[in-house]
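Going by the order they are written in, the chains are A, B and C; count residues from 1 in each one.
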Amino acid sequence: MSKSLILVTGGARAGKSAFAQEWAQALAGAAVSFIATAEALDEEMRNRILRHRRERPASWETLEQPLKVSTALQQARHPVVLLDCLTLWVSNLMQVEKEVLPEIENLLAVRAESNKTLLVVTNEVGLGIVPDNALARQYRDLLGAANRRIAEEADVVYLLISGVPVKIK
Amino acid sequence: MSKSLILVTGGARAGKSAFAQEWAQALAGAAVSFIATAEALDEEMRNRILRHRRERPASWETLEQPLKVSTALQQARHPVVLLDCLTLWVSNLMQVEKEVLPEIENLLAVRAESNKTLLVVTNEVGLGIVPDNALARQYRDLLGAANRRIAEEADVVYLLISGVPVKIK
Amino acid sequence: MSKSLILVTGGARAGKSAFAQEWAQALAGAAVSFIATAEALDEEMRNRILRHRRERPASWETLEQPLKVSTALQQARHPVVLLDCLTLWVSNLMQVEKEVLPEIENLLAVRAESNKTLLVVTNEVGLGIVPDNALARQYRDLLGAANRRIAEEADVVYLLISGVPVKIK
């Protein structure tokens, strides 16, 4: 399973991060490099970030990188890298008006050259009613395209439903 | 299949209740105890409740209990009990500011002691765009945690998509 | 696989149309009749329609029909017909206050008599938080009922997640 690309998707609070962390730990044996894309812009986010950090082993390397995820992947010290999550990365890129899909292609190219196993956590956000505001629709389109592109290259894709992992590729 | 815990999840209008009712009927042979968590607070809800009641066999026992679901499970006369639905129960608990997760643990403990088969209907609500309001996000988090906890203990989990049951555990 | 009814469902931007088009092309060998239900009411929709049209083979027949989909199915020149999508058709019917479910029954009857293979693309819209406005809830109910009815009659149902097809029936 070394050098694989693995996508873990599902809804919010479906157990994606916990599943990806257990899997990364099992693949790595030792420590994992964790790329965190979340930024603590308000109290709610700060609490989520702290809670998530407490759930990870203390031995893991954490790279906080809201935008330059490919650089973080190059810098990661361990052969197994967990990116959590694509959802926030796409959102962060949109906020600074960076093109999303070229960034995804770049990440895939860096990963292919890197000899590292990369687990990517993402969200499905397109299974509700069409959002009222245009920005949310644009986000939904871009994240959908990013998810499809990574799933296309992935060796394995898991969908998490109520904490139950379903292997779909 | 007696004494099992079964979770039926999926989106709104995906055929979860109909599937769970057919299954409960098949397991029970005879009558089923039905725990209804819905409250008729407005016309729309009243119509849904009446429509759902007409879809159930007249011989079934109905326990209307928006909050004390574990008590209803203890009081249920039949060995097969259908709880429809977890989604509204969590919402009702939040409205009266009761802690949700201890209630879930209590339900699981009562079920384990009860010698009854329990089918739980719930919803996936985390596969759309992040909701604008904080209460909806808090609800999404709590229901997600409740779903994961019940799925973890469940013997069988079904996901309903467009009325098609997909066994995921 | 001739004369089948096939449902392709999933979230927005999950690759449903691309998957259905590849499949229709493979089934047909030659050209496919494409029933387009989208109407270019604003710039955003016009762009989506044009982008989708460019993605289809030039040899395909396109029938633009926001409302009279059963008539379009009767008029289609080719034995393989792709309806994209049910979601917009239901929305269009609601806007002109036509009853949705009798239209679905009529489509199924016309299809059964027609000797044609019909692929239907639809969306799952019920896996997010309950929408605030009553019209969106009504739409969600009606589309859910339409999806269930077509899935019930379908020979094959695929769920698309991040572009990955999952056969669920």
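Things worth noting here:
The rule we apply is simple: contacts are C-beta pairs under 8 Å (C-beta built on N, C-alpha and C of every residue); 3 or more make two chains touch, one makes a residue touch a chain.
Values in this document were obtained by computation on a predicted structure and should not be read as measured data.
Bringing chain B onto chain C by least-squares fit of CA atoms involves turning it by 120°, to the nearest 5. Interface residue usage between chain A and chain B, two copies of one sequence, is largely distinct: under half of the residue numbers at the contact are used by both copies.
Rounded to whole angstrom units, the spacing between the C-alpha centres of chain A and chain B is 31. In chain C, the residues touching two or more other chains are 11, 124-129, 140. Of all residues in chain A, only 7, 9, 11, 122, 124-130, 134, 137, 140-141, 143-145, 147-148, 150-152, 157, 159, 168-169 touch chain C in the complex they form. Residue ranges on chain C touching chain A, taken from their complex, read 10-15, 44, 123-129, 131, 136, 139-140, 161-164, 166.
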